[in-house]
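The first chain written gets the first letter, and so on, giving A, B, C and D; residue counts start at 1 in each chain.
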Amino acid sequence: MKQLRIGMIGYKFMGKAHSNAYRSLPMFFPKALKPEMAVLCGRNAAALQEAAARLGWSDTVTDWRELVGREDIDLIDINAPSDAHKEIALAAAKAGKHIFCEKPLALTLADSREMLEAAEEAGVMHMVGFNYRFSPAVRLAKRLVESGRLGQIYHFRAWFLQDWILDPEFPLVWRLQKEIAGSGSHGDLGAHLIDLAHFLVGDIHEVIGMSETFIKERPLAAEMTGLSAKANADAPKGPVTVDDATLFLARFANGAIGSFEATRFAAGHRSTNSFEINGSLGSVKFDFERMNELEVYLTSDEEDVQGFRRVLATDPAHDYAEAWWPPGHTIGFEHTFIHEFLELSSAAAEGRQPVPNFHDGVKCQAVLEAVERSVEERRWVQLSEMQ
Amino acid sequence: MKQLRIGMIGYKFMGKAHSNAYRSLPMFFPKALKPEMAVLCGRNAAALQEAAARLGWSDTVTDWRELVGREDIDLIDINAPSDAHKEIALAAAKAGKHIFCEKPLALTLADSREMLEAAEEAGVMHMVGFNYRFSPAVRLAKRLVESGRLGQIYHFRAWFLQDWILDPEFPLVWRLQKEIAGSGSHGDLGAHLIDLAHFLVGDIHEVIGMSETFIKERPLAAEMTGLSAKANADAPKGPVTVDDATLFLARFANGAIGSFEATRFAAGHRSTNSFEINGSLGSVKFDFERMNELEVYLTSDEEDVQGFRRVLATDPAHDYAEAWWPPGHTIGFEHTFIHEFLELSSAAAEGRQPVPNFHDGVKCQAVLEAVERSVEERRWVQLSEMQ
Amino acid sequence: MKQLRIGMIGYKFMGKAHSNAYRSLPMFFPKALKPEMAVLCGRNAAALQEAAARLGWSDTVTDWRELVGREDIDLIDINAPSDAHKEIALAAAKAGKHIFCEKPLALTLADSREMLEAAEEAGVMHMVGFNYRFSPAVRLAKRLVESGRLGQIYHFRAWFLQDWILDPEFPLVWRLQKEIAGSGSHGDLGAHLIDLAHFLVGDIHEVIGMSETFIKERPLAAEMTGLSAKANADAPKGPVTVDDATLFLARFANGAIGSFEATRFAAGHRSTNSFEINGSLGSVKFDFERMNELEVYLTSDEEDVQGFRRVLATDPAHDYAEAWWPPGHTIGFEHTFIHEFLELSSAAAEGRQPVPNFHDGVKCQAVLEAVERSVEERRWVQLSEMQ
Amino acid sequence: MKQLRIGMIGYKFMGKAHSNAYRSLPMFFPKALKPEMAVLCGRNAAALQEAAARLGWSDTVTDWRELVGREDIDLIDINAPSDAHKEIALAAAKAGKHIFCEKPLALTLADSREMLEAAEEAGVMHMVGFNYRFSPAVRLAKRLVESGRLGQIYHFRAWFLQDWILDPEFPLVWRLQKEIAGSGSHGDLGAHLIDLAHFLVGDIHEVIGMSETFIKERPLAAEMTGLSAKANADAPKGPVTVDDATLFLARFANGAIGSFEATRFAAGHRSTNSFEINGSLGSVKFDFERMNELEVYLTSDEEDVQGFRRVLATDPAHDYAEAWWPPGHTIGFEHTFIHEFLELSSAAAEGRQPVPNFHDGVKCQAVLEAVERSVEERRWVQLSEMQ
């Protein structure tokens, strides 16, 4: 493949992050196949024009079906609300387009499997947007696990804590409506934790969870941008139909145990996306609010200087670091997307599937749904049941 | 009551901590009723003599039955291994002695209830050794919850992580044998988390847990002191019959959700006893390795300076602090016992039951056992079942 | 002004940071006057071509005199080595071009004054690259000082610690040669601290310092990129003619006291650029390795919850934050340049001088040189002497 | 020596810390020569009685001359206000008593030398109370320096920050009066930093400093206990005659550079006693508010896991740790005194001088006074001048 002409659907929070990543890739990774920011797609023509100009897209269309049908597009980037993922992805696959889809892949496991099958059948590239895999510090954790430097993994604990809807007057945005978002904190935040667990520890064997919706009704939203929104005074209220928090326990196929917590009601946590891995030879801890850092403990350290090290993953020894700034000069949230698209671009150049792809998206969806089933049926659910 | 003459059974890790606390109480809390370190009890006469001299006890006996029967003793302090708690406590109650018992109160819920009933019937004081309640920073957390400054409590998460038996060659000490210890990380570490949950959040409605024993066999121990121990080379192996790690989820009676993790296999964690509480108006975080500190977040802070504060609980405004050193001059692990015995001593002087007492011990035991049942039966267990 | 056509000299570490910033400005601050990346200038034609293509510049020239003379350029961005700043700036001013110059403005105070005078005489805009002012967390510190929320400022302490030349075999790059770099850690790192002191506290009245060069000779460099470099085996050695570390004490015009430490020999510090300000009503602490955070202490907090708060400056209440990502989603080193050019662009649109400008560069240079004089003459030097 | 009968002068903050340490030593270090808490001395008979009973002293006298003359006393422990140190120490030496003296040894260098000479002439043991040397984490730092694991020491920075007199209405206690206290933050806090510098890095060659008194007048004190005090409303004001903050730079005999900051005006710092040491092979950082921890960086770590480790100095590998609690169970401020008296007791048993002794006290005083001279004369002062 010599070029990668992108048609992107959506231009809000994720659309902005993607645009910035496409635009930045050639400057920092000049050897990568360069994505061409060809066509931006959205329903509101005026807003779309403004966004395309601002974000740097060459053309616009207001109908995603038209976009999918265009000859001059190689890849469809789907970051529309979750309920639209499936239909677009199926059409894109049918049209022979490569697909990048934001997580969660779909509203249901069945849908996500249909998307995977369609993409595989069409022989196109498919990728899913688990961007946190692409933090240099997370890559370092992966390297420590894979190289055996942490030994046998005993325990994985992960928590994604936010507080953006703590205020009961925060309005009923689409992310709080099951029919659009699929689920709440579980699919939004927990999905990232599950993918990191798959990436860092391996397959999950069984799960049991619990969910709670603390604020059952909220005022209808007047407007929403990114994660912020406002309601008019005296706005009528509607029911919140997703979970505010979901916790679950897991047993991995390799015998490790796991705990997962996702909540939007943890006061003081703007976006604490954290995990810890305990192995027989060491441990690592990560917190996305300090994403340049990984805390590393190795039992092989001399006995009087054992302790968690704060490793700043900005040295030449760390993934991606040399493309950026000198050691100690940090990067931010948006860079995970640039690295993600480096993988997409590299896969395109090499004619292989990028990772993580729809297989990973399906696997994540299976766990999400197994947890939901375990909540409903109040019992342990094995992943082997999720057929 | 004018005096409090103590007879103590056990002189290892806990016995040393208790002795130090009895001895220190009058110096730092001179208004408190002074405990008299009267009689120390243990089976090995030589070791007992040495310990009594070192720890400051006036007399010794090698038979706890004799101790319980002595006229010149007001209170029996039980810090023998867990399997001995019940028999001693029942005898002490029968003899009309007040009782301080280390946690866990007993090996089973039934036993702990029997102990409570015996103590209540005898009309004696009873207290259980949940010493972490007596950290000034934990008291501050309690104050913030009780005063409503954290609002409605949504989420309690707690984790007690150690790594003292990470080495597979660490021997099979009594704490790893079910018939003596009752359980492993669950009863040893998890019990403290459960008590803190009761103290800070309230009653638990239902639980579901999972347990794992990562190392199934260990060499038999040659000697043990405190938490350290050694095995002889080529020592035969025996089965580990307790859990290395136990995790559980909980729903509180007040609607809050909870997660609990206790493990002895978290490399790098010497003794991380931590919790976080998220409420509608704020959050607090605690880690016993930095026991003088409480992190506090309040939503009422001005919008541009919101963040977790690191409060050093050594100011005059904090519990116990004025008895100690100037602000910023920290205290340590052993001080929790001094404060614990201040409560014991105050209760004695005021003719009331100390807190936490056997009611709290039973409540903790009920949760421990409910979790164990949930592990065995792989289902949610309600505390109301634990009759 | 309707456009801002940039001609930039230099394309290594700073050139890359500037290019990225020019390119990113319109996407994240669409209302700002858009800089046009017109002409890139460097001496090595082949490397220049590659850089221009990679960094996104439309045209190239190999002679800066030609660049300065071009009609289609509005602003000259100087990030060549420090010894070239003056000559270029004088020519640019003479040609009526606006000027952005990296710090340090020049090798001497006299030179920097000449540059300021030339720019002022020519009536052009001038700006100096003190990018750390543009961290949101630093802006928050400024706001707290200016609004009086910290009260009277008593003490400013600042330290910029690196370890990039700790290895004695690290080669003799231009940054270690006085005739090119002017000074070592002092002008490179200390300059940033001095500017932050000016920005946050105010004018300095007098200083006294000490300097040290720990490694006096190093192998000659074979190649250098950014801050990294290599020497050939058996490379001959040359003398290090700049300071490895410079410390100084200061008294501010407003009575505050100050301490400053700049070193390239602090093992473990990749780029710790930190300051603390203590005032009569509160304190703030900053560390650029955690640049999204400001620690804030306010004496007005309730007496039992006083402590440094870790404020993540990513909330809507913080400068620049709304242009970026939701709360808790961090930014990095490169973003300081984008904000810096936002100021440049805003000043151009509004027809005013940007801040910090050559006045600030001269002021910084005066302190740098006063410290150097104090080192040589082993005495306190007042800034009023630096005429 | 078979016993160590103590006569102690003073029973406030330090007297309480000493009493607790004497009392605790035999329990935790049973092999050490046991100090006998024989006689407590103070001027106010009633308060003295109460203190002796509370702190555990057998006898009392109100005249220190009487104490010094008693046959049944082996060692005089001086923790009276600083202006009384010299006279008592000289008398004690003359009477052939061993001497423990709190820091600062005396109000002037000349006085401290006289004390040293008297003690040496009398052939008695002498020790000075630099208790921070006895933190396990500080001992670990010492071990890392001495064993060469940090390589050549380049840089020592230290800061002791408090805020206990930040409030301008805090009264004029004796610690703020030059004739009693000798100096302010410099002698009180800076003295500890200087001693740590001597202990960890070595002799100081030259210094230059600056001092400031931010609040020049304060209300006269009505009462004072430890570090806290109150003034009556409408109390008359008196002049503060000591420094509120003193900073200085230093060059060590071994070529290392140093910076020192002592202040009582750092809002939010209750008692931040910190240092950092940078060597050619590694660095360490310490903060007494987290006294159980030492941060350690070693350049020999593998290149992808380099970072400061948080070492909890509670492992068996650390000094004193086995006498206390299991790993991860922390100790506090008061324990530094117990370890200090362990040294005193060990020296007594072994018939040698304890360390630190009056030589160290004199050395510290010389630096304190050299800094004061450098402040007055506004110039670098070499320690060789301090004859």
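List of remarks:
The definition used in the following text is that contacts are C-beta pairs under 8 Å (C-beta built on N, C-alpha and C of every residue); 3 or more make two chains touch, one makes a residue touch a chain.
Per UniProt, the chains are A, B, C, D = Dehydrogenase.
Because the structure is predicted, anything quoted here is derived from the model rather than measured.
The chain with its Cα centroid farthest from the Cα centroid of chain D is A.
Chain C and chain D have centres, each the mean of its CA atoms, that are 41 Å apart.
Centre to centre, using the average C-alpha position, chain B and chain D are separated by 36 Å.
One simple way to say how far apart two chains are is to compare their mean CA positions; for chain A and chain D this gives 54 Å. With touch defined as above, residues shared between interfaces to two or more other chains in chain A number as follows: 269, 306-308, 312, 315. Taken pairwise by the contact criterion, the protein chains are fully connected, each one touching every other. Chain D makes touch with chain A in their complex at residues 140, 143-144, 293, 296, 298, 301, 303-312, 315, 317-318. Those residues of chain C that touch chain A in the shared complex are 13, 16-17, 19-20, 23-24, 26-27, 30, 53-56, 162, 164, 226-228, 269-272, 288-292, 312, 314-316, 324-335. Taken in their complex, chain A has these residues touching chain B: 150, 154-155, 157, 159, 161, 166, 208-210, 212, 214, 245, 247-249, 251, 255, 257, 259, 261, 263, 265-269, 276, 278-283, 297, 299, 306-308, 378-380.
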